[in-house]
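Pasting the structures in now, so scroll down.
The following pair of complexes shares a single chain, chain A, combined with chain B in the former and chain C in the latter.
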Partner chain A sequence: MLFASYGFIAFIAILFIVYYLIPKKYQWMLLLLASYVFYLFAGPKYILYIVFTTVSTYIISLRIDKLNQTQAQYLAKYKEDLSRADKRAYRDMMKGRMRRWLVACLLLNFGILAVVKYSNFAIANLNAIFQAFGGQGQLSFLDIALPMGISFYTFQTMGYIIDVYRGKYPPEKNIFKLALFVSFFPQLVQGPISRFDDLSRTLFKEHSFEHRNFSFGMQRIMWGYFKKLVIADRILVAVNTIIRDPEVYQGAFALVGMLFYAFQLYADFTGGIDITIGIAQVLGIEVKENFNRPYFSKSIAEYWRRWHITLGTWFRDYLFYPISVSKPMMKVFKFTRERFGGAIGRRIPVYISTITVWFVTGIWHGASWNFIAWGMANCVVIIISQELEPFYTWFHSKFKVGNTFGFRLFQVLRTVLLMSSIRMFDCYRDVPTTFRMFGSMFTVFNYRELFGGALLELGLSMADYWVLFMGLIALLGVSLAQRKGSVRLKLAQGSDLLRYAVYSFMFIIILIFGAYGVGYDSSQFIYNQF
Partner chain B sequence: MNKKGIGLKIGTVCFLFITLWFLQKLLVPKYVTAIVEGSLIEEYYHEKTDHDVIFIGDCEVYENISPITLWEEYGITSFIRGGAQQLIWQSYYLLEETLKYEKPKVVVFNVLAMKYDEPQKEAYNRLNLDGMKLSKEKIKAVKASMMDDENLIEYIFPLLRYHSRWSELTSEDFKYLFKKDKISHNGYYMRVDVEPVKSIPKGRKLSNYQFGERSYYYLDRMVELCKENDIDLVLMKAPSIYPYWYDEWDEQMREYANKHDLMYINFLDLIDEIGIDYNVDTYDAGLHLNLYGAEKMAVYFGDILRKTYGLEDRRGDEEIKKVWDEKVEFYYSMKEKQLRELEEYGYLKSLGVEKRE
Partner chain C sequence: MEELLEILEEMHPDVDFRTCDTLIDSNILDSFDIIALISEIKMEFGVTIPPDEIIPENFNSAKAMYELIERLSD
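And now, the complex of A and B:
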């Protein structure tokens, strides 16, 4: 069931009504039922995957908890009898047992993800290697479809089990509540990747109907649909025209495609997240923000702190930090410090962790080389930026331009252009084509064609461009206004008449200018594919 | 909540409804000066529903028979509920709906639609279904007709289908916002232009000549419905030479008619008796008859209907005559207008017909 479908709108409308009509203690159960019904629409067989993840995580989290309790009881019981060394040895022994359960859970669930998502990628690469060495045989590809949202719910659930292992919070004792955490439908298909302690605060609570939640949530939902239907799905037509025919659309068109894709992806992904957060808010549930106006970032590193925030923090907490402080990395640090001195010695472990994180980030987005190249390109830019830090410091001390509006604007535009060009790997889905198209922007001088009506041959009419232009202006306007505080809060403080006028206007704009229905190839959200 | 707040909410809802209603009115195609076929189904609802004969089917009914001639010649009142590439289930549900308004003595179904066992094209669905009033018959017709990318709700609220027409609006959309000109003559789409048949088609071989199960299912239901309502059902194949009507198809219809004791007339076999001359009686080289052909067809078919089903001459009924006199007047005025246009421009400009080179 696509978010941008009549069926989904009817689904959430019915859910909203029933949710506030039934006794409050059953609300979370209704959400679980709704989540599984939603999941069933993707195909009944995929239910098995999410059920397996839930059950395996549940059992192992309880097992870890049990070991934790046993440890606490044992230490309490023999508090006086055990020496410090004994206690440490006991703790290490128990930690080892818990770690074995954790690793089993991680292997099982990431293993499933690896098999369904990466098997055919691995087979394709093995076949290529066989062929390169003159091999005759070819491994046949597996006929496995990717279960909906598996990357998201696997990461969310594995985050949970790691937190339980770390003793951040006790495990959820009710398997159905855990099942709801894993499958909560608004965030199932494209995130955000929630943390259990965050989400469970409101997910299982009893909620009375609150006008403010309803009103704010509905505004957020409408804003999400505006971004998705009016901007993303309209611009998609031109993006598809350009990227599907790279032999024809080079030079200026590659540049247009690159920028259009940047707008499309932003409107599509943030639109989807707006709908997710809006639905949750109507239900009285708080879901973490996933974006913080990333296109206003002044550097790539800042951009990644503001784009898909929950994925970034997941990698930081569950991959980057653990790798950085792991025993092997400590050995590397020690070795490099001794060998190359403090400055370089400090950097190498950090860079190894950074490279690992970006490699995984790349491959998380898709099982193909273009995503790995995309991840590594981000990594290279971030490392270069870090290495150039002394130069930036020198430059700013010399030229004093750091706080001028012009320089900040330059930084923002530079980040947008840099990110957009790196996104070309994602856009063309092929590494050599991406390089060729990027190169064509500087070698094929067909920029004059853009002003000769060529833009109108990309599947969009002049009217479409006007709608897009106005839509992007609205997007920019709201983003600028958000810097001074919540736009919805300001709206709520305004007169009722103004508020209702804004609702009505927004609703009509989406209805009339949305790219949906027959004649539009209404797409699923881009991040659904990950 | 205070009274002001409630009032504002009610006001907003009313404003939204009115705006959406207005936008829907504005954005749905008007089918007045182009693709006028889209207006045919809707025009039935403006009629005094008292007809001896109801024709249902595709373009072979709404372009090949003139109800005005049936009236003028035999005093038979009739209406054509035809639509472009009307599929048999659409014909069936249109008939079911028609029977809510009136009970004709005879229903004539053109059997060309038997060749389609699956929904064909959204555009044709729209031409046949948009004009239907919202009813359970319409919903059933829509459900039976939808292509994969269609959605029932877009038929119930056409704004959802036509929302993107804002960039294609013309003066026609504003001119006919609330009131449309009448296009048809009791469902008949008049054309006075002439384009002779250039060649007689030879049907290419088909792998399977058997009509589909779905087509027969709805034909069976049509037979049943007419029986239940004591209506005589006539199956006809209009004298259009395109698309090709295969002997194998003809045989199936004959067998079906025999089995169910129905009249089946293949007018392609009666061209000479009707007096159709394909040099002057068609406006598109044999796909459809023009006014002259449709009048000849009505004279011939009307005589059969009158004699077989004992249809009375109602020209003596003053009340009915008064209504039909107006129709006759409109008919001849349109005929004159089209002839004038032909003379002046060489093509039918008012119908948005392309000029033939």
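And now, the complex of A and C:
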């Protein structure tokens, strides 16, 4: 069931009504039921995967908790009898036992993700290697489909078990509540990747109907549909025309495709997240923000702190930090520091961790070399800008332009162009084609090609371009207004007439200008495929 | 405390670490700095900071970092 479908709109409309009509203590149970019904639409057999993740995590989290309690009781009982060294040895022994359970849970669940997501990629690469060495045989591909949202719910659930292992919070004792945390339907399709301590604060609470939550949530949902249907799904037509025919659309067209895809992805992903957060808000549930106007970032590192925030913080907390402060990495640090001195020695372990994280981030987005190249390109840009830090400091001390509008505009444009060009790896069929198309922007660039009606042959009419233009202006306007606080709050403080005029206008815009047509079927969200 | 301040000042000579208590919240220290810092703390103080202690509250000021080191060395 796609977010942008009549079926889904009917589904959430019924849910909203029933949710506030039933006794409050059953609300979370209704959400669990709704989440599983939503999941059933993706295919009944996929339920098994999410149930397995829930049950295995539940059992192991209780196991870890039991060991934690045993440890606490033992240490309390023998508080006076044990020396500090004894206590430490006992804690280490117990930590080791807990770690074994944690590793089992991670292996099981990431193992499933690896099999369903990466088997055919691995087989394709093995076949290519066999062929390169003159082998005749070919491994056949597995007939295996990716269960909906598996990358998202696996990461969310593994974050939970790691937190329980670290003692951040006790495990959830009610398996059905844990099942709701794992499967909460608005965020199942494309995140955000929530943390248990954040989401559980409002997920299991009893909620009375609140006009403010309802109206703010509905506004957010409408804004999300506007981005998805009016902008993303419209621009998608032109993007597909360009990227599917790289022999024809090169040079200036590759540049147009690159920029259009950047707008499409932004509108598609942030639109989907707006719908998710909006639905949750109507239900009285707080879901973490996943974006903070990323294209206004002054650097790529900052961009990644503001784009898909929950994935970035997941990788930081559960991969980057653990690798960076692991015992082997500390040995590497010691070795490099002694060998090359403090300045270089300090960098090497950080860069090893950074490369690892970006490799994993790339492959998380998709089982292809395109995404690995995309991850590595991000990594290279971040490391280069890190290395250029002294130059930036020197530059800013010499030329006092840092706070000028012109320089900030330059930084923002640099971020947009850099990120858009790296995103080209998402678009084209393989890495060499991506490089070729990127190169064509410099070798065969002729802006005159774009005039004389060529842009109208990409599948969009002049009216479409006008709608897109106005839509993007609206997007930019709202983003700029958000710098001074919540737009919805300002709207709420305005007169009722203004507020309802804006609602009606939005609704009509989506109805009229949403990218529908004869036999129209909204496209899937891009991040749903990750 | 002086050793810790020396490490920090070497990383960012332009920051007043004695007074600043929003090192993370103001994005003065990023994750690269934190890792480098943890490695230096391990070398200087022999204290291992586990990943679950890497939270803003523990790194927002030199004082918070020093308290963390003292707590972990107990």
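The rule we apply is simple: the second predicted complex is superposed on the first by the 525 of 530 C-alpha atoms of A that agree within 3 Å, B and C clash if a C-alpha of one lies under 4 Å from a C-alpha of the other, contacts with A are read in each partner's own complex, and residues count from 1 in each chain.
One rule holds in what follows: a residue touches a chain if its C-beta (ideal position, glycine included) is under 8 Å from a C-beta of that chain, and two chains touch if they have at least 3 such contacts.
Model, not experiment: these values are computed from the prediction.
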Regarding the shared-chain residue A:430, is it in contact with chain B (first), chain C (second), both, or neither?
neither
Hey, is it chain B or chain C that touches more of chain A?
C
If we overlay the two complexes on their shared chain A, which of chain B and chain C does A:461 touch? Say first, second, both or neither.
first
Between chain B (first) and chain C (second), which, if any, makes contact with A:386: first, second, both or neither?
second
With the two structures laid over each other on chain A, which partner does A:512 touch: chain B (first), chain C (second), both, or neither?
first
Which superposed partner A:198 touches (first chain B, second chain C, both, neither):
neither
Between chain B and chain C, which residues of chain A are contacted by each of them?
none
Seen from chain A, its contact residues with chain C in the complex are 166-168, 301-302, 305, 316-318, 320-322, 324-325, 329-330, 333-334, 337, 342, 346-347, 349-350, 353-354, 386, 393
Chain B-touching residues of chain A, taken from the complex the two chains share
6, 461, 463-464, 496-497, 500-501, 503-504, 507-508, 511-520
Can you list the residues on chain B that touch chain A in the complex?
4-5, 8-9, 11-12, 15-16, 19-20, 23, 27, 122, 149-151, 153-154, 159-161, 163-164, 166-167
What part of chain C is in contact with chain A in the complex they form?
10, 14, 27, 30-32, 34-36, 38-40, 42-43, 48-52, 54
